[in-house]
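Chain lettering (A, B, C and D) follows the sequence in which the chains are written, and residue indices restart at 1 in each chain.
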Amino acid sequence: MTGTMTEAAGAARGPAAGAVTREMSMQQAINAALRTVLEQDPDTLVFGEDVGALGGVFRVTDGLQRDFGAERVFDTPLAESAIVGMAVGLAMNGWRPIPELQFDGFAYPAVDQIVNQLARMHYRSRGAAPMPVTLRLPSFGGIQAPEHHGESLEALFAHVPGLKVCAPSDPQDAYRLLVQSVRCDDPVVYMEPKARYWERRPVDTAAGAGDMPVGRSRVLRPGRHATLVAWGAMVHRCLQAAEYAAEDGVELEVVDLRWLKPIDAEGLAASVSRTRRAVVVHEAPLTAGLGAEVGSLVTERAFGALAAPVERVAGFDVPYPAGPLEPQYLPTIDRILSAVQRTLEYERP
Amino acid sequence: MTTPSPTPAGPDPHPGFGPDLARRCYREMLTARRIDEEAIALQRQGVFPAYVSLRGQEAAQVAGAAALDAERDFAFPTYREMGVALALGVDMVGYMASHRALWHGGLYDPMASRFSSLNAVVGGPVPHAVGWAVGERLRGGTGCAMAYFGDGASSEGDIHEAMNFAAVYRAPVVFFCQNNRWALSVPNERQVAGGSVAARAQGYGMPGTAVDGNDAAAVHRATAQALERARAGQGPSLIEALTYRVEPHSTSDDTSRYRDAEEERAWRDRDPLTLLRARMEADGSGDAAFFEQAEQEARKRAEAVRDGVSTAPEPDGTDLFAHVFREPTEELARQQRVWYEEVRP
Amino acid sequence: MTTPSPTPAGPDPHPGFGPDLARRCYREMLTARRIDEEAIALQRQGVFPAYVSLRGQEAAQVAGAAALDAERDFAFPTYREMGVALALGVDMVGYMASHRALWHGGLYDPMASRFSSLNAVVGGPVPHAVGWAVGERLRGGTGCAMAYFGDGASSEGDIHEAMNFAAVYRAPVVFFCQNNRWALSVPNERQVAGGSVAARAQGYGMPGTAVDGNDAAAVHRATAQALERARAGQGPSLIEALTYRVEPHSTSDDTSRYRDAEEERAWRDRDPLTLLRARMEADGSGDAAFFEQAEQEARKRAEAVRDGVSTAPEPDGTDLFAHVFREPTEELARQQRVWYEEVRP
Amino acid sequence: MTGTMTEAAGAARGPAAGAVTREMSMQQAINAALRTVLEQDPDTLVFGEDVGALGGVFRVTDGLQRDFGAERVFDTPLAESAIVGMAVGLAMNGWRPIPELQFDGFAYPAVDQIVNQLARMHYRSRGAAPMPVTLRLPSFGGIQAPEHHGESLEALFAHVPGLKVCAPSDPQDAYRLLVQSVRCDDPVVYMEPKARYWERRPVDTAAGAGDMPVGRSRVLRPGRHATLVAWGAMVHRCLQAAEYAAEDGVELEVVDLRWLKPIDAEGLAASVSRTRRAVVVHEAPLTAGLGAEVGSLVTERAFGALAAPVERVAGFDVPYPAGPLEPQYLPTIDRILSAVQRTLEYERP
């Protein structure tokens, strides 16, 4: 297999045969993906807090109960552990559950069921009990929300054997990754960047999930001076940073990681082997964040090529703050550019 | 759809709720109402990113909390207990600061106020109340803990664990459920199996009472009894105040998607302030002058809170780092330097 | 200290428990007893690193599970339901393999056996039963889920959440609590507030029954009724089988630190096998020849299980990697290569 | 401040003045530390499942209820979330709680109270509500135990702002770190390596907690060819590996990290600046494990000195297995030595 990335910026490709391209927000794209799988696979079920009549607090499940019935799309009582536990039992009875936990910070009460049960039932049963569960989790910050509504749990999930984890950064990929996650026979945590729910982009709903295998990253912008690696909402910020850098003649390659487990180590190494420098950017606190894993993978595979240590630009090691401090907590374009500068100026002591 | 039950008639069933207490409750309920209205306005003006209204729950909150002893008891709120904060004398600008998103937990001092920081995890603070109460008994104190939660929260595992712990330890806790019939878009019928939160108490061998949560006197009496019991070492109890969330879940919510406007109207007609006022007019504990004065004071106070919270300074970026640890670490100091050099506005 | 209640006298209160069923239950209870004894011996010999005995709970397990329909129902066990496994026809060598630490979940096929993999998280599998049952109703099936848990587990939040979900959805689940009076070293008095797990059911609007868990007929009847109810679409119920863990929590435990040997002895005298045998001798459903034959069969079966599990091959290191995902990843394949090159024995 | 480590192998130091040195197992040393804090601080409370009459499943709390009374040392019902939630409330009423969760894998049901409450209450209250809670967690594997009894949650905890995390590797340090954790005014997760509970070593119970600040690592064996970094039971394994390597003339420096948050980055960098090579060893699964953080810290601070990428030897990305497979899952001496060899032979491509 080759670890190189197969897709340049999605927008740059022409529409595929049979393409149905519409302009939509990520929240609509996720809704469309749920419609696709509810239509195509009678075993799929959508449930969670307020996903029914309300259509979810972000309207991601808008109209699904109306269109697919209250048996396929239903509200649960307010208890996250039971939501995931129920998904495990449903999977054992042949269903393909797509539970939602309302917000990142409310996944914590479900961690036992996620780690000790969902992620392990297939292993524990020696393959007898598949767990094709897609756990949707509105994630990350940037919307000035109350406490527990702006957190990034990817490092926790990526560390759990038996889980797969992904996070889209734009509507097209949100559609594709969700269809792919639901079709995957393993449990997938699908992390939705809330801050990107609303921006509209063209989405080809005929785009197959199969054209990019699980675990593949994307180069959204090619460049030769350094590689920026990000996922979720930070991808957009990295693209902005790359714009600024370009004004100064610095060509940054931007990699959208997409799959946070498995991570596209070969793809990252290939990019960094060309650019010789890398900056990984995430919202979660720095220490023991997924940036450490990305940095380690890159360093292990491209040490000889690296001209400087991989830089990490991350949230600070503080609880996710309220409104006015949020922009000072999240990685800023300035911080990204400072890191780029440090890596460009690095001289081996 | 649920409709309110009629106001009880006949002789006053709440003899302990005397004129002074009624007046105090009315004043504070009205103040809570006016602050609530100011808050909704502030959200519309973009000063608050969002707001969760307590409208309709003023009796459940104020009259219940009026039974607390602010010298020795301690309340553990969710995100909707503004009336409790008011009754306990919490600095309301500091409280409202949470809704302006200045600081998640609010800017008041929870320890001095005996009112824990606002808590957005549904069910999460309830075990804290139990721990606090166990600790109070261990040190021979006579304080009680009051644990607030909603009908939706009653589904969370933490509520069960906390009630079981409290009853096993006979801890002085009052579990105070405001059943406002809705947990965001989900009604009691699809949330609370069996239909009654109060009925859960029996399973733990503790008393559970459902009261009309819009009747200030009934709420006060039930709470006072539960506190008395707890203080006497007889252990925890559960109160379910039956009330209604007449506003949307929060200012970002749209109730037309899931509930009947008729139901809302019916409950608006059972406004706890109207009910209390009618009662006070009937028994003479409030005359026109009192109500007029209460209105003026409430408005004044609400405007002061509005002005205070609107003009409160935004927290400084150093606050990001200041409260993480009591014993700071070098790594955090290093990160603060990064913030200072690369982020500070 | 708790003492057993006396055996009920008077006319047979369990007419549904006929001779065939009694004989089947006796045979399987005895077999479970003999396998249990072999297992304790295997632990002493060092073949099992540890073992959790079901001794004293054979009636609760076998007679309850005998009411299940192995074609359509599904059981969700903890780590102590060996008698249930036996009654459902699970491959007992594969079951016991878990205690030899060959594979945590056992080596039997949980889907084919309709008996989920052994689960060591107290309370953890109970929500699975609810999900399974909700799924069964959604597809129009008539199966029921049986969720096993202990008195200690009743304190966990998951139990509450699961019961509330099941009752809200009217899911066909039977919550089957074996209250063996002890959760490791903690007795009911300091575990189960209110003293009754069955009493919790009412709070969810579902039936809750406490039965003498050492009386096979009583257990069977209660379970059959609950299953009938669930199958008829009337929703979940809760059974509390009052029994006793006569052995230590596990072979690593030392009961002398926390309970009275007298209590253990009293309960050993209420042995469910002795009780059932006496009953069968009285009503003529078992004669000396039957009991003799049952003993021989049980021994033979137990020895076969012992030999099977003792000689079962250890899992191969490739099993470490084989069952993590259905759709394997390159990274795991890479790690397997590391294992192959640097670890493989 | 200097980041250099202040202590060579504890055993090599002479007894301090007033020393009370006894031979004890780690489990006894922890018991002794609990006795010390229960005696010296009337606000301390010890509670958890089976910690009272039974003295804990590992007898770590043996005799404490008898000697300090059932008010200071008490059993809880079986509910981990409430155990931690109760600790939060007790701290708010002025106590210094020392809850135990019975096993690593049963910390998951308490993760919400740990992350969303315990770790944040001080922050949320702007310092008004201190959380001097020490959460004892028998951790890590190596004892052929049932499922959920052999896991390593340090990466999860180290990622949580507001928590501190430590893990001793020998009886003396177990004593010292526990006293230090209890005296710390911040919440500390104290991870006990079960596999090391029984080995007896001399312990000086008069050794102050103050002689090594929070966050300091220890060099247990000096060496110049490469640095091995580990914590908990893997420290012992690294010391064994170093013995073997020494036979081949390879001098490995062994660093016991001790504090997993904050991590002694300066200390690590100082060691690696001398040895120019590092191997980090842990039991937890590789991906997003704490080894990634250690590797990143070392690489960021000592990139110029590094002659090879930091090697990671970790558990595989599989659920913690049962008995016979446990030795094949945990890092073996062979794997450690292979990694050492790779780092020694590394040549920049």
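Simple rule for what comes next: a contact is a pair of C-beta atoms (placed from the backbone, for glycine too) under 8 Å apart; a residue touches a chain by one contact, two chains touch by 3 or more.
Going by UniProt, the chains are B, C = 2-oxoisovalerate dehydrogenase subunit alpha.
All values derive from a computational prediction rather than experimental measurement.
J.: Need the most distant chain from chain D, centre defined as the mean of C-alpha atoms.
T.: Checked the centroid distances; the maximum from chain D is B.
J.: Does A-B or B-D have more contacting C-beta pairs?
T.: Between the two chain pairs, B-D has more contacting C-beta pairs.
J.: Suppose each chain is reduced to the average of its Cα coordinates; what separation in Å results between chain B and chain C?
T.: Going by mean C-alpha positions, chain B sits 44 Å from chain C.
J.: Indicate the whole-number Å distance between the mean C-alpha point of chain C and the mean C-alpha point of chain D.
T.: Going by mean C-alpha positions, chain C sits 37 Å from chain D.
J.: Quick one: report the Å distance separating chain B from chain D, using the average Cα coordinate of each chain.
T.: Distance between chain centres: 41 Å.
J.: Going by the contact rule already set, what residues in chain C reach two or more other chains?
T.: Residue numbers touching two or more other chains: 103-105, 121, 155-158, 161, 164-165, 168, 190-193, 319, 324, 331-332.
J.: Which chain A residues touch at least two other chains?
T.: Residues 77, 79, 81-82, 105, 109, 112, 116, 123-124, 147-148, 161-162, 263, 287, 316-319 of chain A each touch two or more of the other chains.
J.: Touching chain D in the complex: which residues of chain B?
T.: Going through chain B, the ones touching chain D are 74, 76, 103-105, 107, 109-112, 116-117, 119, 121, 124-136, 138-139, 145, 157-158, 161-162, 164-165, 168, 319, 322-327, 329-332.
J.: Within their complex, state which residues of chain B touch chain C.
T.: 155-161, 163-168, 190-196, 199-206
J.: Please name which positions on chain D make contact with chain B in the complex.
T.: Where chain D meets chain B, its residues are 1, 45, 71, 76-77, 79, 81-82, 84-95, 97, 112-113, 116-117, 121-130, 161-162, 164, 184-186, 214-215, 262-263, 265-266.
J.: Would you pull the chain D residues touching chain A in the complex into a rising list?
T.: Counting only chain D, the residues touching chain A are 81, 105, 108-109, 111-112, 115-116, 119-120, 123-124, 147-148, 155-156, 158-162, 261, 263, 284-285, 287-293, 295-296, 299-300, 303-305, 308-312, 316-319, 346, 348-349.
J.: Quick check on the complex: what are the chain A residues that touch chain B?
T.: Residue positions touching the partner: 49-50, 52-55, 57, 75, 77-79, 81-82, 105-106, 109, 144-149, 286-287, 316-319, 321-325, 328-329, 332, 334-335, 338.
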